[in-house]
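For clarity, chains are labelled A, B and C in written order, and residue numbers in each chain start from 1.
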Amino acid sequence: MALAINTERRRKIGKQIVPYLLVLPVLFYYIAFWARPVVQQLVQSFTSLEGQFTLNNYIMVFTDLNFLPALRNTSIIVVFSVTLEFFIALLLALLINRKFPGSGIFLFLTMIPMALPAVAVGALWKTGLTTNGWINSLLTYLGILTEGGKIYWLAGSIWKLLALMIIIDAWQVIPSIMIILLAGLQNIPKETEEAGYVFGGNYFTVLRKITLPLLSSTIQTAVILRLIAAIQIWLIVIVIVGFSRMPVLVERIVYYHEEVPRLTISPAMASGYTIIVTIIVSIAALAYLWVSGAFRRKRKEV
Amino acid sequence: MTTLTMEKVTKQFGRNVIAVKDFDLKVKDQEFLVLLGPSGCGKTTAMRMVAGLEEVTSGQIFLGDRNITDLPPRKRNVSMIFQNYAVWPHMTVYENIAYALKLKNMDKQSIDLVVQKTSGMAKIDNLLERYPSQLSGGQQQRVAVARAIAVNPDIFLMDEPLSNLDAKLRVSMRTELKTIHHKAGATTVFVTHDQSEAMSMADRIVIMKDGEVVQIGTPDDVYHRSNSLFVADFIGTPPTNFLKVVIKKDQEGTHLKNAHLNLLLEPGTAKTLDGYSKEKLILGIRPENIILVNEEDASLSTSCLVTEPQGSHQIIAIQLDDKIIKIVAAADLKIKTGEDLHLNFKQETLRFFDPETTLALSD
Amino acid sequence: MASTFKPLIKASRRTMFYLFVVSITVMIITPLFFLISLSFLSTDASYSYPLPLLPSLSENYELTTGERGYLLSLEQRNGEYKTMLDTDDMEKMAVYMKTRLSTPISIPELEELTARVDHEGTVYFKRRSDLLNNYYTFFQITRDAGPAFIRSLQIAGMTILISLSIGGLAGYAFARYTFIGKNLLKFSTLFVRMFPAIAIALPMVIILAKMGFYDQPIGLSLVYSIGSIALTIWITSSIFMGIPESLEEAAQVFGATKFQAFLRVTFPLALPGLAAAAMYAFLGAWNETVSAIILTQFNPTFSVVVYQSLVGATGQVNLAAAGGMVMAIPSVIFTFFIRRYIRQMWGGMTI
């Protein structure tokens, strides 16, 4: 009898253990290849070459001549590209919000820019923005440029370059934000909006009071995910503008790691910039998780 | 085919939820037993414990004299029809039935034979090459039935197999399931929360409430001899009418009284109350057992609130204080709203319930 | 009055709508069109300005005697012939025609032509363009492009294996069980997924070096799997949730073990979703550049090779375009297959 109870209990425990066994590999993986490097990176950033605790690495980054410009440029790109992209995408989504013949193909086409690898986008615009590139050629064909006339896209101030970056980013990203918003719009039951009209609202009051509030979680998702991506912009900057002319945060990391790896300050600089990017992105990520309700739900279930 | 015995079976989920409590049941060989009860009363849980899909917290389950309490599902030799049919969507109808047989290590030829036979029985022999997505709900249900019969189990378990069908198909499938049950001669446990389904199909009905058995009996038993307020209320449409009364004894005999009612019990009926010492009582009367009488024979006089014609009969509703009482009457009886009604009860059908225990005073 | 105008208004509205849709489409497609077109242009054409809209399928040549030997001229868009080369070295001319003008020709063929020039004076001839010439050239002259391509495929393959096996198990657990720490883990996967790749890549240099995986394909797959495991968990858990548990239970009741039931019932039903997860893992690994730059040295991935050809500014835009195209094609094809999931995912991501 005692034996029977024993085996039975063992079987029950065995069954309860199954889900833990299933998630164990993920746990190990995250600890070994995520938590460990992150902690190491953090520790190292506070360690001098002699192995002493130091804040020098950060002081060095903060006093780097390129730090403030990089921070400023990154912020400008993030703020402008995210707002611009969002409003244009929202406008487009509202205008297109219906099924039409060919909408399937249209949606696929709009997905292509987002699917393109960063280097392909780099190739695309690098070949376009040179003085003999396809953009000037196109403008010539359209008669906007006179025969032989050229626009020097990459010459001039940093502001022009920043604007270019924002436009390139918009080209790649607007269609996909539009799709997210379209998906959100299509999840709103038609009756909800119709009720708004029945009770006397016009297009804009219904949009402001009903549609947008219902869309708000979709909007938050789209904006924050976009934000996270925009903070980490680098490849297009290097490919189009080159190193150091228009520094951005991640570009600095690649710069110190690839371009000048042998300077004594390089490892410290690269890791310092990395930590800064990590902190900024983590804050954005936590903000995302906050608005998407990951915290709220947990509390409710506990 | 064989018997099923459940002894003091209890199932507890987590710390607080007791889904099934001290469940005792003996299903006879070839019996069609229906588990009936409101939603959430533990019917599915009880059935899943028999199938082995849920472990029992305590108690024993026997198939014949085989103790199956701790066996995994595959070793129990039961077969089951799920509420959503659980027909495998990536297999054709043929493969659905054949796979169940293959799991029993049957050879190819015999599998083919059995599939032909059972699909004929379930009238899906012309659909064998189709995939479930190409079948109607009713046809999918038949596939589930065919698959369940094919494996020749010791016992059939069916969890609300008809609840996803439309009203008409549901009624015709009842007949077919019964026919198949007779042909296959299979011991069957059938779960439903639809009391008319239970009444029309069952050899015996087990009525459950909050995880416990309330009454076990033939459809006739549970309808006419409901053992508690719960059963009397749960079984029958419209349900039993309940009247709160007090017992008054005088030289005429035993009276049951309230603000509207003054009912003199016949001696035979009054005997039921012997040994009942409380003053208050709940009187239960089925709608078809209330009769219209002349004013002088009436125990209860009131006016008609509304009538609901049903075709074959009509339901007359009257209001007593805040309670609606329903009466089943012949369809050709012409009664207008507001018309005075004089009523009496068929005394031999009266049921008495103790308001404190809610149990019936007689069996 | 108003009713006669109504259909008109409706029609013009519809026209406006389509104009709008078409103009968005044009804006998306134009740059892509030029990238594709450019990747087919001969080097000579890619230096011309304005750039031709489409690559020419064949070229018309004029061959006469020149000062140093034979004079090769190419017909331009305006019909005039422009001198390209004056040489008596047939090998040099053949190489020139192949690399600069994308019209391969063999030396015997050239000798036959020069013989005719000696005989008849000026000779006109036409050669078919080899549109894929830039693609071959890219792989030939770019150091490492071929091995890097293979390596990128290997890395993507291993990433799929790692993330599908590890992530798929967890996805199943998320879909079918409740357990302590489930929410915390769910939360972590979301967070890890959004974590900047670079923050892991840099410290991973030392860790991988210790494991002997630095500059190895497996090292990069290990890094890429961190992000794609999370994605795989989301996708597979929603797939498994969509497969009713009763299907598995039915198999168990009819005699299958739990494992058999999974293998024979749930797994085949989950295959399309698993394929989608695999494609995501592929795309993540294939498209990534920054970790690849940091974690490779002599064995770069294909994206690093293309990146370097862009930054190195050899000036050959047609080759850069070809490299970019090779990068883009798998991504676009896979996106086509998983577009259904992309929309679902975006929808599902708000949770």
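Criterion: contacts are C-beta pairs under 8 Å (C-beta built on N, C-alpha and C of every residue); 3 or more make two chains touch, one makes a residue touch a chain.
No experiment lies behind these values; they were computed from the predicted model shown.
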Among the chains, which is located farthest from chain B on the basis of C-alpha centroids?
C
Give the chain pair that accounts for the most C-beta pairs in contact.
A-C
Average the C-alpha coordinates of each chain, average all protein C-alpha coordinates together, and give the chain whose average is closest to the overall one.
A
Intercentroid distance (Cα basis), chain C paired with chain A, Å
20
How many angstrom between the C-alpha centroids of chain B and chain A?
59
Centre-to-centre distance between chain C and chain B (centres being mean Cα positions), rounded to whole Å
63
In their shared complex, at which residues does chain B touch chain C?
51-53, 72-74, 76, 78-80, 82-84, 86, 88-90, 99-100, 103-104, 147, 151
In the complex with chain C, residue positions of chain A that touch it:
18-20, 22-23, 25-27, 29-30, 33-34, 36-38, 40-41, 44, 92, 95-96, 100, 102, 106-113, 115-120, 122-128, 130, 132-134, 136-138, 140-141, 148, 150, 171, 175, 179-180, 183-184, 187, 217-218, 220-221, 225, 228, 231-232, 234-235, 238-239, 242, 250, 253-254, 257-258, 270-271, 274-275, 277-278, 281-282, 284-286, 288-289, 292-294, 297-298, 301
Show me the residue ranges of chain C that touch chain A in the complex, using the header's touch definition.
17-18, 20-21, 24-25, 27-32, 34-35, 37-38, 47, 49-51, 53, 165-167, 169-170, 172-174, 176-179, 182-192, 194-200, 202-204, 206-207, 222-223, 225-226, 229, 233, 283, 286-287, 289-290, 293-294, 303, 306-307, 310-311, 317, 320-321, 323-325, 327-328, 331-332, 334-336, 339, 342-343, 346-347, 349-351
Listed in rising order, chain C residues that touch chain B in their complex are 244, 246-247, 249-257, 260, 264-265, 268-269
